[in-house]
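The same chain A turns up in both complexes below, where it pairs with chain B and then with chain C.
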Partner chain A sequence: MSEYRVVGKSVPRVDARDKVAGKCLFGADIKLPGMLQGRMLYSTRPHARILNIDTARAERLPGVRAVITGKDVPRRRFGTIVQDEPVMALDKVLFVGDRVAAVAADSLDTAEEAVSLIKVEYKDLPSLFDPREAMKPNAKVIHKDWESYGKGRFRTISDRAGNICGHSEFSMGDPEKGFSEADMIFEDEYTTPMVHQGYIEPHAATAMVEPSGQITVWSTTQGQFELRADLAGLFELPMSRIKVIPTEIGGAFGGKIAPLLEPACVVLSRMTGRPVQMVMSRRDEQIAARPRHPGLMRIKTGVKKDGTITAREVVIILDSGAYADFGPGAAYAAAVGGRGPYAIANARMEGFCVYTNKPSGGSYRAPGGPQVTFAIESHMDAIAEALGIDPLEIRLKNGLKEGDISYIGKRIERGALRDTLHRAAEGIGWGEPKEGPNRGRGLASAQWSNGGAAAGLTVKINDDGTASVVTGSVDATGSNTVIAQAVAEELNLPMSSIQVVTGDTDTALNAPLTGGSMIAYNMGKAAMLAAQDTRRQIMEVAAERLGVEQEKLRMENGQVWVKGEEDKRLSLGSITRTAQRFRGTLIVGKGSLPAPAPAFMMCSQGAEVEVDTQTGQVVIHKLVASHDVGFALNPDSVEGQLQGGMVQGLGAALMEDVRLNNGNVENPSFKDYKIPTAVDFPSIETSIVEQNSEEGPYGAKGVGETPINPPAAAIANAVYDAVGVRITDLPITPEKILEALREKADT
Partner chain B sequence: MRRMPRFEYHAPASAGETASLLSEYGDAARLIAGGTDLLISMKQRLSTPEHLISLSSVTGLDAVDYDEKTGLRMGAAVTLASLTQSPPIKDKYPALEAAARKVGSVQVRNIATLGGNLCLDTRCWYYNQSDYWRQSRPPCHKTGGEVCHVVEGSKRCFAVYSGDTAPILMAMGAEVKLMSGGGERVISLGELFTGDGLRPNAVEPHEFLSEISVPPPAAGSGVAYVKLRLREEVDFPIMGVAARVTMSDGAFGSAPQGFKVVLNAVGSAPVEVEGAGEMLAGKAPEQAALEEVAQVARASVHPQANTAGTPEYRRMMVPVLVKHALTEAAAAASS
Partner chain C sequence: MEYARPATVEEACSLLALHGEGARVIAGGVALSILLKQRLVEPDILVDIEGIHSLRYISDDANELRIGALCKHREFEKNPLVRDKFPWLSRAAERIGCVQVRNAGTVGGSLCHADPASDLAPPLIAAGAEATLRNSQGERKVLLENFFIDYYQTSLSEDEILTEIRLPRLSARTGVSYEKYAMREGDMATIGAAALVTLDDDKQRCIEAGIVLGAVGPTPIRVKEAEEALRGRAVNESSLRKAAAAAMEASSPLSDSSGSEQYKREMVGVMTRRAVSRALQAAS
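Then we have the complex of A and B:
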C-alpha cells in the first residue's frame, strides 16, 4: 500500500473549502440578465382525463410572459429504459404530481400566482394503487399505447406487457431438484415502502435559447451527456445545438437523472426569448421527483438441516408508479442478485416492475438493492433461528467463497464476505454478553456491483508546470478529489498543483453519469491513463532536450532530471513552454477506456439495539460497517460513503415512508417525511477490506451504493434478537413492534 | 408550498401600541413573534392576514424574572432557547427547561417564543398541507368548508394540539395574562385552551398574550414531561404527558391539589386527567397507584387518525407515558 504517494491517502476533498464557505454555485444560484422564473403546475388527481385547461387568467396577469401546456411541448416521450413519459401531460394525468402546465414570469411570486390561476377540468378515472392488482391480466392498462413506446438508452434484460413495464427472469441449476433435496423449506414475504433520497438541494434548471436556436441549459443533473441526449431526442436537434452545463450538485443519490424541468424551461425560453429558471420546492420534490420503488418480495429457500442452502426462489414486485424511469433496471438488479452473496446452485429469480397511479420511482442509490437485501437477510436469520444455527454461522457456511461465481459472473478470488462478516461481528461484539435486557445484535450482508462505462478525460500541463484536468463527470461523491489524486500520483505532483473542473457537454470528453458507483472506478481509471499519457509526452520532450534516453530520467515534484546528474534538470513549466514554442507540441494527455467489466463488492454490517417493550421504540447503541472496496483511493471519502449510505439505509429501516392517501403524498415536507437527524444514531464504525479489482484504478471498486443495502435487515435482525419479534414490513416503527409483541404474547 | 402572501408589517414598541393596532385591524391582523408556525401557515395559505403585528420590539416581552414569593414571570416573546438558558429556570424549573428543549430543533428554538408555542395552532394531516395539496379534496371545517377528513361525517374539527410547553406549565399551575386596549385579564393556562380544533385558544382578536406566570415550586414537589416521537429532533409529539406530584416521607403527599397529570397531543387541547390527585394522594408511589391514574387517563381520551401515530397506538401509549411521567416526577421530587 505504501507504494503510492497520493492515492490511498485521506487527502481533503478539493471542493471542501468552497462548500463549507458557501461559495459553491448550485443550480438555483445561476442568475442571468433578463432571466424569468418558471413554475410548474402539477396534477391534483391520481388518474384523470384532462377535459380542459384554462390558462386565460394566468396569461392576463401582469408580469406573466408565457404559459405552456401539453399542447406547446414536443409530443415525443422520454425515458431511461422505456420512453413513456411526456414532457407535460397530453390528455391524461397518471399521478398526483404529473406535469400539467408551466408558467414563466418576471418574478417567482408572479409565476406562483399565475400557476394558481390556471384552471384544469378533470374527469376522474379509476386509479390503480396496488401493483398486484395492476399486473393482473384483466387490469385496466394505464398506458394504453405502451406497445408503441420506444426504448431508452439504458438496455436492461427485461420485457414488458401492459402494466408490467419491466420483467426479468433468471434461473440456474435445477430449482425443483434443489427443493426436493431440502430437509426444510422456508417461505416469507417482505415489503418496503416508497422512500425518498432526501437530497438537500432541490432540482434546478435554467435554459437559454439564443435567437439562432442554440440552446444552453444549466442543470443540477447527475449526467450532462445523458441530459443532452434526452433534450436532443425530445427536440429533434443535433447534439451540437445543445450545451448542457452541470452545476455543483447538493446531493442527488440517483434522483437527478430524469429531465423533470429542463424541457419545459427550453420551451418557455424559446417562446419568450429570455432565459428561464425553474427550481422545485421541497413539496414538488416529495411529490413529483423520483423516489425508491415500494417493493414486495416473496422468498422461498430450501435448506439442509446443517444450514446448507439447496435452492432458492425469489419474486420481486416493484411498484413503478406512473412511469418506468429506471424501474425495470431496479427490478432486474433485485432479481439478478436475488440469491444474495451466497453460493446457491439452484435458483429461480423473477423481478417485475408494474405501473400504478402513484409517483414514479427512479434511481435511488443501489436501485432494487435495499428492497431485496431486506428480504434476503431477514429470511436468512429466520432460517438460522428455525434450524438453531448462529446467524453468523449460516452466512459463513453459505457465503460466496474462493472459486465461487458471483451473480455478475466473476470468480471470487478471496473470501471477502468472510472477512467482512468476521469484522462486523467482532465490531458489534457478536457472542459477547449484553449490557441489559431487551438488547439485541443483528448482522446483515450484501452484495452489489458497480457499472463499467466507457470513459475519457484530458490532462493539460500549464505553462507553470501545474496540471488542469477537465472531466465530464459530475462530482457528487468526492470523485473530483479522487481524479486529482490519480493525476497527482502519476505525475508525481503535489495535490495543490492539480485543478479538476467538471466540463460541459462541449468542453469535456464523454463521461458516464454519476451513478451506479461508476465515477471513481471508470473516471478514476481514465484519469490515471490520461496522466500516464501526459507523463509519456513530458518525458519524450525532456529526453530530447536533455539528450538522454527516457529511461535515464526521473520526474518528481514538477521537475525532470537525469538520474545521477542532479544539475541536468528541467521544470515541467519549461518543458511545456518550449515544447509548444519550438516543437508545436501541446502537452495534453488523454485517457480513455472501453467499458470495463463491472467489479463485484460484498459487505457486512452490524447493529446493536435496545427495544423499549412498553413504547416499541428502538434505540441504536452501536453500528458497524465492513466493506470490500477493492482499494480505498481516499479512505476518509470511503468512510464517508459507508457512513452516509448506512444512515440513509437506517432512515428507511426506522422512520422513512412516503405515505400516500388516495395517491396524494401525505407527508411532503422534511417535517413530516422524517429523515434521521444527527442526534438519532451513534457514530458508525467502519472497517475497510481491500480485495483489489482487476480493472479499477489501483484495484479500486465502486463504493457509493453498497452500504445502503444491509442496514434495514441488520436492524430487523437486531430487534428480533432483542425481543423475539420479526418485522417484515418497513419502516420498523414502534407501533409495529408493539403490535408484534402483543401478538407474540397472545400465542 | 407557495411564497409569502402580501401583508403590511407593524412593529409596535409598547404593549399599548400593540393593543391599539389590534383594535384597529381586528380579524385582519395576526401577531407574529418567532413566526415558526405562522409563516408556514401563511405560505400554505391557511392564514392570509393583511397586517402582521410583530411583538419583537415590544419592550419587556422577553423578560424572565423570578421571585421566591411570587414565582416565575416570563414575557410571551421570550425565545425557547433563552428560556432553556435562563438561570432561574434551570435552577428552579428544570422540567420546564427540559420540555422547552424538546420543541423543534436548535434553529427553531432560537427564534420560536414561549407565547407562540402556547398559542400553537392545532394540526392535522389534511389541514397542514399546501393549498395545492388541499385542492385534491373539498375544504374541511378549519379551511372554511363543511367536512372533516379525519372523522367522516363529523360536524366539528378534531385537529390536534401539540405544543410541548403547555402541558408542563399547566401541571405547574401557570397563569397567562391577556392584554388589550381595554385592560388586561389573567386566566389559568388551562382556560386558554378551548378544546375546539377550529379556534384552539381563547385569545380574542383584540387581545394578545403578554405574560406567563408560574407559582414558586412547592416544597417536595416534582414535575416531568415525557414526549414520545419518532425522531429525536424536529418532531411533534406522537403523544406526551406532563405530571406534577408532591412527595412526603417517601410517599405521595396527602393533599390532592399537589398532583396534576396533563395529556398532550391526544385532542384539540391539553387534557387534564380528572381526579388524579384523589387517586394518588397519600399512596405509596408504586405501580398500583400509578396504574389507576393511567387507566383513567386512557379512558378519558379519544385520539383520532390525524397525526403520524395511529389512534390505537396513541391510546395504548397513554397509560405507559402517564406512568413514566409520574415516576419521573416522583424522582424529581425526591431528589
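Then we have the complex of A and C:
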C-alpha cells in the first residue's frame, strides 16, 4: 500500500496544536465591539395557540435593546426537506422548546432577566405524543397548512400527507413468494428513544447587519453555504448580501445544520444596529436542538431451516417531533437500508416520519441508521437462536458478497461483509471459552453509504514555495488534515508546507456541508485534483524556464530539477514568483468534480459484556470494530472516528434517553442526561479493512457515520448471550435487565 | 462579592463572625462554584480557607485517625497510612467523581456541602466518626451521625468551620465497607451503603453493627433496625435478609434518570447485603 508518501499515514491533525493550546476560536469566542447578547424565550407548552405576548416589562428593563416575537420576523418558513419551520412561532407553538420571542441586551444577565419578564398567554390544544396515533387518518393535523409548504434543498424520495411528513417505500423481488418459501417466519418489534448528539460546544451565532443592509453571520454551522441559502431564502435577499463565516466547531454530529439562532440574531441586529450574539445553554440544547428521532421498527423475516433468508418486511416509524427537518431523509435511509448488509432478494421496506408535539429530530450521525440497525441485528440473533445456528454463521451465510447488489444499487466487486465479520469475530474471541459466568459476546454488522456531492477547492503556491488551500468545508472530523495530506502527496511537499484554511461563503468555493460522511470522500478528491492541477502549472512554467520537456523534470520537497542534471533546479517559490512577475501567471490549482456515486461501507463490531444479575448492570469488557473504509487516508483519524462513533453508539445502547413527560424534557442537563465518559468503557480495538472505492480519493470511502450503527445491537446480543434476556427497547438499563431476568425466572 | 484568604483558623473565624450570614466558606470550590454560578448562593464575601495549611493533614494517633478538613480526597485515597489501616476509607474515596474532582475537593467540603449522596459520610458515620467545629469562641465536637440535618444542611452555625474529622480506634475483629451504586462510573452515588461489623472472639456472632445509607433520603440514614437485625446474631442469610429489608424500608429514593423508586429501593437491599458481607469478610 505504501506507494504513497503522505496519504495512508497517521500524520497528526493540522489543528491539534491550536486546539490543545486553546487558540481556536469557537462560536462563543467571537467578540465584536458593541456586541449585544441575545436570549431566546422558548415555549412552555407542547401545543397551544398564542393569544398574546406581552413584552412591555421586558422592553422597559434597563439595558434591553430589542425584543422580538413572531410579528417581527420574516413569515417565510425554512426546512432542509420540508419548509415547515417558522423563525419564531407565528400563532401556535408546536412543542415545549418552540421559539416564541427573543431579546437583545447589553449583558447576558439582562437578556435572561428580560426573557423572564415576557408574559405569554396560551390556549392549550390537545397534543399528540405518539407517532402511531398521529399517523392515523383521523388524527388532528398538527401543521394545518402542510400542503402549502415548499420543498427544501435536500431532495429525498418520499411523499407526505397530513402528519406524515415523510413516507418512503421500496420493494424488490416478490415478498409474498419469498415468505411462502420460508420454513419459518419471525416477527419482532424494536424501539429506540430520542437521544442527543451531546456535542460539548453549544450552538452559537453572531450576526452583524451593516447600515447598508449587508449581513455577516458567524456560526457554529456544519455548512456555511447551506446556512447562507437558508438566510437568503428567509430574508428574500440575494445570496451576495449575506456572508457566513463558520467558526471552529466543538462537535456537531449532524446537530448543527438547521438555523436555530441565526435568523433571530439577524433581526435583532437589524433593529439595534449592533452585532448580536446568541449562545444556547445546555438546557436550551436539550429541549430545543435537533436530536435523533425515536424509532419504532417492525421487522418480519422468512428463513429456511439452514438460515437462508427468503424474504423480509420492515416498517420504520420515526417520531419527527414538531418539524420535519431531516426526518424524512432519516426515514428514507432507514427504509432503504432495511435489509441490512444481507443479500435478500424479496423485500418490502417502508419508512414513515410523523409529526408530533415533541422536540424536532434532525440529523444525528447516520440518520436512521442506528434505529434500524438495532432492530435488524437484534432480530438476526433472535432468528439464529431459534434455528440453533451460530450468530456468526447466519451473518456469513446471508452477508452481501461479490456479485450481489448493495442497498444503494451498486454491484459489489470485492470483499463485502465477510472480511469485517471474520475480523470482528476473531477480535472478540468468538467461540472461545469465557472467563466467568454471566459473560457474553455479541456481534452486529451494518452497511452504510456516504454521500456523493459536487465539490471544489483551490490550492495556491505561495512565494516561499508552500501551498495554501482554501476549502469551503467545515472541519469537524479531521477533514482539513486529509485535505492537506492529499495536497502534500500530489505536490510532493512535506505536511508542514501546507496550510488549510476553512473559508467563508465569499472566499471559498461552494462545498458540501459536513455530514453524510462526505468531506474526505468528496473534498479529499477535490484536493487531490486541485493539487494535480497545481502541479501541472508548476511543471509548465519550470519546463519553460529550464528549457526542457516536462517529462524530463522531477519535483520533490519544493524543488523541480532536470533528471540527471541535478544542478539544473528551481524552487517552487522561485517558480511562483517569476511566473507571476514575468509571465503574468498565477499558480492556482483548481479541483472540482461532479457528484460522484456514493460508496458503500460494510462493518462488523463485537462486544464482550458481563451482567450483574443482582443489579442488572452491564460491564463492558471488550469492544472491537472492523470496518471497510476503502482506504484509510489517515489511519489514526479513522481509528478515532470508529472509536468515537462506537462510544456514542454505546451511550445510546446503555444510558442515553431524552425523557419526555407531556412533551417536557425531564433531563435537560448532562447531570441527568447521561452520556458515557472516558472511564466507562475499555479501549476499543479497531481493525481496518480496505476495499478501495472507485471514486473516492485514493480509494477512500466515508468513515464518520458507520461506526455508530452496530453498537446497540452488539451489546444487546452480548447481554442475551450472557444472561438469556433480550432487551428490545433502548437504552438497555439495569432496571430493564433485572425485570427481564425476573420474567424469565417466572416462566 | 469580596474575597478573603485567611492564613489561620482564627482569622477565618473572625471573618465569619464579622460578616455573619453574608459570608461563605470556600475550600476546594468543587461544589460551591456550581452553586455560585447558578446564583443559588450569593454571598457578600467568600472566605477561602485553602490557605490555612494547618488544616491539611492526616495523622494516626494511638490508632485514631485524624483528618484535617482541608485534606483532598486524592490525598487520603493515596495515603499509605489510610490504605494500610483504613483501606475501606481509601476505597470509598476512590469512588468519588473523577481524578479532577478528587484533586480539588476536600473532605471538609464534601461533608459541609451535605449532599446526601456524599461517598464519605456513610462509611465515616458507620465507623463512628466525630467532627470538630470551631468558631472565634472555641470548639465543639459532634458525632458525624448528628451533623446532617437536611438536604444541604448541617448543624454548622454561620460562624463555624469544620476543622477535623476524627475516627475512633476500631475494636478488634471489626470490618467496614462501603458499596456504591451509580449508573455511570464517576457519577454521584445513586445508592451508597456502608456497613460496620464487629465479631465476637470466636468470630461467630456479630457484637456490633453499623449500617448507613447514602443518597436515598435528605441526609445519610443510619438504619438502627438493620443494625439490630445483625447485632448479637450470626451473620447469615436470615439476618442479612432482615438487615436488607430494614434498609429498604428506611430508604426513600426518588425516581429519576438513574432508575425508578422501586428499582432503587431494591438496590438498597442489594448494596446493603454486599456492604455487610464485605465488612464481615474484613472482620473475620
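The definition used in the following text is that the second predicted complex is superposed on the first by the 747 of 747 C-alpha atoms of A that agree within 3 Å, B and C clash if a C-alpha of one lies under 4 Å from a C-alpha of the other, contacts with A are read in each partner's own complex, and residues count from 1 in each chain.
Going forward, a residue touches a chain if its C-beta (ideal position, glycine included) is under 8 Å from a C-beta of that chain, and two chains touch if they have at least 3 such contacts.
As the structure is a prediction and not an experimental result, all values here were calculated from the model.
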| item | value |
| --- | --- |
| Chain C versus chain B on the shared chain A, clash or fit after superposition | clash |
| Contacts of A:283 with chain B and chain C, given as first, second, both or neither | first |
| First, second, both or neither for A:108, with chain B first and chain C second | first |
| Which superposed partner A:116 touches (first chain B, second chain C, both, neither) | first |
| Touching partner for A:673 - first (chain B), second (chain C), both, neither | second |
| Comparison of chain B and chain C by chain A residues contacted | B |
| Partner chain in contact with A:42 - chain B first, chain C second, else both or neither | first |
| Which of chain B and chain C A:738 touches, first, second, both or neither | both |
| Which superposed partner A:655 touches (first chain B, second chain C, both, neither) | both |
| Where chain A meets both chain C and chain B, residue numbers | 614-615, 655, 666-667, 672, 674, 676-677, 679-680, 733-735, 738 |
| Chain B residues touching chain A - in the complex, by the definition given at the top | 1-3, 105, 125, 128-133, 135-136, 228, 230-236, 308-310, 313, 316-317, 320-321, 324 |
| Chain C-facing residues of chain A, complex | 614-615, 655, 657, 659, 666-667, 672-674, 676-677, 679-680, 733-735, 738 |
| Contact footprint of chain B on chain A as seen in their complex | 42, 44-45, 96, 108-109, 112, 116, 281-283, 614-615, 617, 654-655, 661-662, 664, 666-672, 674, 676-680, 733-735, 738 |
| Chain C - residues contacting chain A, complex | 98, 181, 183-187, 256-260, 263, 266-267, 270 |
